[in-house]
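One structure below.
A, B, C, D and E label the chains in the order they appear, each numbered from 1.
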Amino acid sequence: MIQLENITKSYKKNHVLNNINLTISKGEVVTLIGPSGAGKTTLLRLLNWLEVPDSGKITVADAAIDAAKYTKHDVRNLRGQSSMVFQHYNLFKNRTVLENVADSLIVVSKMKKKDAFEKAEALLKKVGMSDKLLDYPANLSGGQQQRVGIARALAVDPKVMLFDEPTSALDPEWVGEILHLIKEIAAQGMTMILVSHEMRFVRSVATRIIFLEHGELVEDSNPKDLFEKSKNVRTQAFLQKLTYEEE
Amino acid sequence: NGAASTKKNTVKVTTVNVGTEGAYPPYNYVDKNGKADGYDIAVMRAVDKKVQSLKFNYVPTAWDSIFVALESGKFDIIASDLGKNPEREKKYLFSEQPYLYGSSQIIYKAGRTDIKSLKDLYGKTVAAGVGTNTTTALEHFNKENGNKIKIKYTDGNINNALQEIDSKRVDATISSIITTKLTAKKLGIKIDGTTAPELGISPIHLLFVKNDKGSKYQKLIDKALIELRKDGTLKKLSIKYLGKDYTTKESAE
Amino acid sequence: MGKIFDPEFMIRSFPEVLQALPTTLFIAFVSGVIGLVIAFIISFIRYANIKILSPLAKVYISFIRGTPDLVQIMLVYYGIPLFLKAINEKFGTSFDVNGVPSIAFAIIALAINAGAYMSETMRSSLLAVDSGQLEACYSVNMTRFQALRKVIIPQTIGIAIPPLSNSLISLIKETSLVFTISIVDIMAQAKIVGARSFRFFEIYIVVSIIYWVVCAVVAFALSKVEVYARRYERKVDS
Amino acid sequence: MGKIFDPEFMIRSFPEVLQALPTTLFIAFVSGVIGLVIAFIISFIRYANIKILSPLAKVYISFIRGTPDLVQIMLVYYGIPLFLKAINEKFGTSFDVNGVPSIAFAIIALAINAGAYMSETMRSSLLAVDSGQLEACYSVNMTRFQALRKVIIPQTIGIAIPPLSNSLISLIKETSLVFTISIVDIMAQAKIVGARSFRFFEIYIVVSIIYWVVCAVVAFALSKVEVYARRYERKVDS
Amino acid sequence: MIQLENITKSYKKNHVLNNINLTISKGEVVTLIGPSGAGKTTLLRLLNWLEVPDSGKITVADAAIDAAKYTKHDVRNLRGQSSMVFQHYNLFKNRTVLENVADSLIVVSKMKKKDAFEKAEALLKKVGMSDKLLDYPANLSGGQQQRVGIARALAVDPKVMLFDEPTSALDPEWVGEILHLIKEIAAQGMTMILVSHEMRFVRSVATRIIFLEHGELVEDSNPKDLFEKSKNVRTQAFLQKLTYEEE
């Protein structure tokens, strides 16, 4: 479903991703963990070609693209496979909550307006934004914006979903709700990559956990094995903090 | 060029565009009904009547581009109080017949007595409109006499020159006495004028594009002008528009 | 003797100067609209950095902004026939544009001119939109064109309107250059009326008042659009 | 018969037309700088919505943008003496401005004019900066002035430069209006040379080339500033 | 130190804060919890007068201000008392990391440039940003931006610090480090209000916890009492989610 081959990305002298090789099968829910600045966001953005890798090949569902040689059409095709929840939400500032979710349905999927708005409303209800349908993003709280961002990404019915810290701005109740929602989607066989340090995600949604550090895949296993059998010192240290409750 | 032909009683009538500034009364202006009028235009209308094969259409055009328009064929004749000079003759064709004699005067603020000829302007500042014949004459005079007169170029419009005289920003200007006096009166600016002996009186001509068509028109129109002079039409029009007969060198002085 | 200033004459000449207003408005409006279309295309070419076209757009902008409007109008109106004349003499052809009304030349020249200025304004407004907005559009698989239409351009309007309104208002007044090619707009009409009556001051005031009213209406309409385009923004208190 | 076009004459007249370039540059530069200062003050008044001053600023902008530049220059140059004359007649005073060189009037008129246009551009760029930026400044206890200087204005430069460069380049060419008050800039010089030789076409081309070079230099310098001002921005790929 | 009297704030028909009364003494570390959209951010922003309350009086350290009647000077005085870490960081986009922190020192505190940069560097070292001093915010990862935001707020040596979800973008290791830093500052007697649902903050830094819901103070007690003795049903439901580990 998703394949990264020899992916390298650097900003000037800063090597953010070093020769990453990774294969993810259909239906897997991968949680990407790792310290701040490890390259998690960069990795997700590469899958949507929002960053162009210095070299390497990326395959997402039916689209493959090679950094050495690609056309506009390839890029568009790649982007068509997935949708993304951004770390900073990036809601369309000039569109209402409802339009933020419905726009891609109308414009890209050519749905009828009425149907699109219905679908958008249903999704926004799931993320508890029914009473803000006609508000503009600037008038929403952080958590509300994040929930709209999730609804927008869900709306396009992608083959792959990319979530960049989808619950960072949420209170525990909403973390629970979103967790629930993601589980529901996962149950339908959706392939997902989540960047998150929320224990509930790591433990209960993920079928696979990848630990990224300094642009390298340090660890790649299932949650159970990771917590019980990981031998890597760095991983253990990181995991300890992750489960650490009180000082 | 500029020709929309119609048939009228076996005579082929050619419409000819005539350029004029349209903002230089009493020579040429546009009346309340939007029609061109003034001495230049009246003469052309009289010519129009005499010349069966031509029909004139008057086009007011900004002074800045009036010659460019002629060269590019937008019109074929200019009737806009133009005098002859060697530079102009190199590029354009003039009617052999003058239809008017212009007398230029040195204009200065009323009460001054120190200016009687161009020589008295040495060391003084004189306003001169760009592209006018008097300016060319002044430039020639100045060049031959060691550039002793300070020329301050203005934008053609006599108004500006008069304002400058009134506010003492310049000492004098050289311009057609008729227009200047009219303007000054309207503005309430008090001026006096002296005929400059060095400039004399200059004949005013129609101007044609320098090609076959132009010389064809020139011949037709010259013939008409001679007739108009003979039958007294020119004199009549001059008195009507300019208040006096300026159509002969003698009468203009 | 005349008065320094004659208010009564001023009032009397209003209707006469106003006669030419339709000409001014027509030329300004049509060339404004065409100019906006040109500006839109050019700014997009520069924004998207389309190869071959982008450097050409740069030359166009540089030439038009770099040379006097007067010259551009003359170039279009007198230059084209002269050029054809030279061609005709050389090749024995007989191209002729005298059938084309001069107002068409005026509109073409002014639209090409305004387009160059406005394209720079539009380009800078496009760049002012946060890059995250475009990324979000791509993430839900919009094409660049769809992104521009739904998200990016609406966000540029609020930023672009004040400088665009500069250009459009300038255009209304630049229309007066058409007298160069014998079209009588309100400024030319004012000159004509002023010359006839030898009262330039009053007539310039008349024409200024007319321009002012027209420009104020345009500016007002545009400022309403600006406020509407900024409706989703958050204000900072004090 | 003369040639339709005489390139040799063109080359010969370059030096003569160029004589007036210093005048053009001096007027454009000084009025540009003063105009920028005016624009800066006015845009700040409008941005901060300072009471009393803000509506006055609106009237100023409306008046200046609404009336022809030519009229503004004449108003300053002829209007002031006329006004003083009327005053003098009425009150028996004897004010006089004949000592003031006309170039000063030209600069004042053009600066006031350019200031109005540029202030609108600046205002819109100020509004384009994300409100969170100003909030952050307040949160570390900067004054509004400090915030503007350190954070807000630097972020507006990239947005403001293309439309400001429109205004500045227009200003260079508008300088030609000063011939109305008998100052000989390069356009006037071109007309003088052209009138003498009746080679208007060639001379207009000469003057256009000079303008083009000057404007291209200004535009180039400003585009460098623009690139520098945008150095901290992130680009979106394709 | 901080006092809110009858503070009311609404956006049109949306009553975000209803007649809030709250007193916080010097040295208290208050953690504000509550569901998304409860009004937490709005409350913090009021203390910095970034939102103007509809009515009520606010006192922060030496400054008092009344919504009914205030001058520019009052506002400036109020803002001078506190500094803030924004939920969306709001770093100065045109300034480097170092300048983001040093600017207020140079401009507001009139420190010498050299001293200001030294102090800024020291603070940035504490938040692990030493190797990004000359980078612009747009080139930082989410967590890196958040850490710079914290350093910037610390730099001004305020009497009160306001943190809006200061660890939302951080990985568990950095959450630990920032927790440590905040504890350190708390130990020096700084008064702080933190919006956070991070258990480690709620449990180990806070001297007092306030639960805000629908613009009302539902609960206000110390951590121990809250977890052990809270009688409010809503609070209990919320707390349960907060401590919930796995589904």
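Please note the rule applied: contacts are C-beta pairs under 8 Å (C-beta built on N, C-alpha and C of every residue); 3 or more make two chains touch, one makes a residue touch a chain.
Quick caveat: nothing in here was measured; it's all calculated off a predicted structure.
Among the remaining chains, E is positioned farthest from chain C, on the basis of C-alpha centroids.
Ranked by C-beta contact pairs, the top pair of chains is C-D. In this assembly, the C-alpha centroid of chain D lies 47 Å from the C-alpha centroid of chain E.
Centre to centre, using the average C-alpha position, chain B and chain E are separated by 82 Å. Taking each chain's centre as the mean of its C-alpha atoms, chain A lies 51 Å from chain D.
Averaging Cα coordinates per chain places chain B and chain C 35 Å apart. Multi-chain contact residues, meaning those touching two or more other chains, occur in chain E at positions 49-50, 88, 139. The residues of chain D that reach two or more other chains are 4, 78, 130, 135, 138, 201, 204, 233-234, 236, listed in rising order. Residues of chain B found to touch two or more other chains are 64-65, 68, 71. Against chain D, the residues of chain C that register as touching in their complex are 4-5, 62-63, 65-71, 74, 78-79, 82, 85-86, 117, 120-121, 123-125, 127-128, 130-131, 134-135, 138, 158-163, 165-167, 169-170, 173, 176, 187, 201, 204-205, 207-208, 211-216, 219, 226, 230, 233-236.
Those residues of chain E that touch chain D in the complex are listed here as 48-50, 76, 79-80, 82-84, 86, 88, 90-95, 103-104, 107-108, 136-139, 152-153, 155-156.
Chain C contributes residues 130, 132-133, 135-143, 146, 150-151, 154-155, 231-234 to its touches with chain A in the complex. By the touch criterion stated above, chain B contacts chain C in their complex at residues 1-2, 19, 22-25, 29-32, 34, 59-62, 64-65, 68-69, 71-74, 157, 159, 182-183, 185-188.
Taken in their complex, chain B has these residues touching chain D: 64-65, 67-68, 71, 87-88, 90-92, 127, 130-131, 135-136, 139, 152-155, 160, 163-164, 167-169, 210-211.
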